[in-house]
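Shared between the two complexes below is subunit A, which pairs with subunit B and subunit C, respectively.
And now, the complex of A and B:
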């Protein structure tokens, strides 16, 4: 897994374009969900291999997003589901950048196919080295967002 | 689909489908990529099957490769790459005999001892920090069974 800070930044940057701050938060929560749900199932069900893989598939992202959106009030639920799912998709895209020796970082088409997919751009353990770059991107995004808000006011 | 009507049924259906997805993936992966421990009792059915080992500590070096530990004892990896004892390696390998696998590719996970803990520390701090920042955007009403917006 990539660290959650990298995932946070990857979701927070497009989150700048979401006006509603609650939906913006749901986009970021959505990007945390594949790892949190995967780890939860890993520990609770002792499902070591397949639980994280399931939550990193398209079907897994949609199911977890739907389950979580049910805990949001009814008026926010539909857009909340789409933003949670978008966050999950961003998470999976970031994970696909990892190099897992051709085995694949995610099995996107579960339960139909167990073929792994990856772009193989960065060694999976070296993702933590991106943290300083992530921090710079986050700072730039925060600065731009503040400027836009000021202009809109 | 997004209304409060039949909320509990919808939640149960989503949870049930997720559980089925995990169970189905577990069953398929166990067949296609079995755990290394199965090589201890080698059968012809395992020959050529691909095994994935992540960040295993090299236990000993051998003339033909190296040895990694498993829960059922040492496994021999045939490889031309010679990592040092104590290194962490990730291996994609094929089973060739009892307790023996032939490496297809080997990757030495340099700095695993600090990169992995750093990953977890940063992740936990990010999660705590984010939840702290957004705590005001939602309001819990557990007795109503949903997370309600405060607006």
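And now, the complex of A and C:
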């Protein structure tokens, strides 16, 4: 789990291009679902290592997104599912950037393969250094979004 | 798939599938990366297992080895080779478990920098972000009949 602020910014920037505010909110919450569901499995199964990683897989992201989309109104479910899944995919991509000593931060092909995957670009303890960059990106995104809205009005 | 037809069945199936995936990952992942305390409790069973210890504290340092404490419940183990830090430092490492000792043959190890003590800041910011996002979600999705009565249905 990289810090959730980085996850938020990674989903909020593409969220600028989603016009419906409700779908935008689903995209952003979708990026937290792998960690929220993973924590749930961690507590229920009392497994620290691999159970939380099940939500950091393609199947896990799709299943959790489907479960959550069932809680929104029927007309929003289909686009809601795709945006929740997109948020989950963004989360997994951000986590893949971390260096977990070669062990991997996601089991992408679960249940067919338990091999961990990672790009290993940033040490997991150094995510704190990303916070200022995240804040700058978020500020720029909000500024651009407000300008576009004014132009559209 | 997205309609209200057989809604309860869909809900139940989704919850069951997620739980099943979690159990499967826990079962199969156990052999991939067992917890340190399990290896120390049953050394013969886990001989040769590959371990990743995300957080460990160096307890003591000797010439050709050092001892670490890690996990919950906490377990201690001797690690071959030079220590990546001094006693009290936090490290992360991967290695192969050996039943004789028991000991760990390290593959990769890394000492956490002092700024790792700022981890609480990351956690605090993360919690604040999640609360903010949940509040935003509630603003868009909470059913507010009083608001509907006053303003009318937003969809017309």
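One rule holds in what follows: the second predicted complex is superposed on the first by the 153 of 153 C-alpha atoms of A that agree within 3 Å, B and C clash if a C-alpha of one lies under 4 Å from a C-alpha of the other, contacts with A are read in each partner's own complex, and residues count from 1 in each chain.
Rule of thumb we're sticking to: a contact is a pair of C-beta atoms (placed from the backbone, for glycine too) under 8 Å apart; a residue touches a chain by one contact, two chains touch by 3 or more.
Because the structure is predicted, anything quoted here is derived from the model rather than measured.
K.L.:
For the combined arrangement obtained by superposing on subunit A, do subunit B and subunit C clash, or do they fit?
P.N.:
clash
K.L.:
In the overlay, answer first, second, both or neither for which of subunit B and subunit C A:86 touches.
P.N.:
neither
K.L.:
Considering only touches as defined above, state whether A:111 meets subunit B (first), subunit C (second), both or neither.
P.N.:
It touches subunit B and subunit C both.
K.L.:
Touching A:44 in the superposition: subunit B (first), subunit C (second), both, neither?
P.N.:
After superposing on A, A:44 lies in contact with subunit C but is clear of subunit B.
K.L.:
Between subunit B (first) and subunit C (second), which, if any, makes contact with A:13: first, second, both or neither?
P.N.:
neither
K.L.:
Report, in rising order, the residues of subunit A that make contact with subunit B in one complex and with subunit C in the other.
P.N.:
After superposing on chain A, subunit A residues 3-5, 8, 21-22, 25, 28, 32, 41, 45, 47, 49-51, 53-54, 57, 59-60, 63-64, 66-67, 69-70, 72, 74, 77-78, 81, 101-103, 107, 110-111, 114, 123, 125-128, 131 contact both subunit B and subunit C.
K.L.:
Flag every residue of subunit B that touches subunit A in the complex, lowest number first.
P.N.:
So the residues of subunit B touching subunit A come out as 2-4, 7, 10-11, 14-15, 17-18, 21-22, 24-26, 28-30, 32-33, 35, 52, 55, 90, 92, 105, 107, 109, 111-112, 115-116, 118-119, 122-127, 130, 134, 137-138, 146-149, 151.
K.L.:
In the complex of these two chains, what residues of subunit A are touching subunit C?
P.N.:
3-5, 8, 21-22, 25-26, 28-29, 32, 37, 41, 44-45, 47-51, 53-55, 57, 59-60, 63-64, 66-67, 69-70, 72, 74, 77-78, 81, 100-103, 107, 110-111, 114, 116, 123-129, 131
K.L.:
Tell me, which parts of subunit C touch subunit A in their complex?
P.N.:
Contact set of subunit C toward subunit A: 2-4, 7, 10-11, 14-15, 17-19, 21-26, 28-30, 32-35, 52, 54, 72, 92-94, 107-108, 110, 112-113, 115-116, 118-119, 121-123, 125-127, 129-130, 133-134, 136-137, 140-141.
K.L.:
Quick check on the complex: what are the subunit A residues that touch subunit B?
P.N.:
On the subunit A side, the touching residues are 1-5, 8, 21-22, 25, 28, 32, 35-36, 41, 45, 47, 49-51, 53-54, 57, 59-60, 63-64, 66-67, 69-78, 81, 101-103, 107, 110-111, 114, 123, 125-128, 131.
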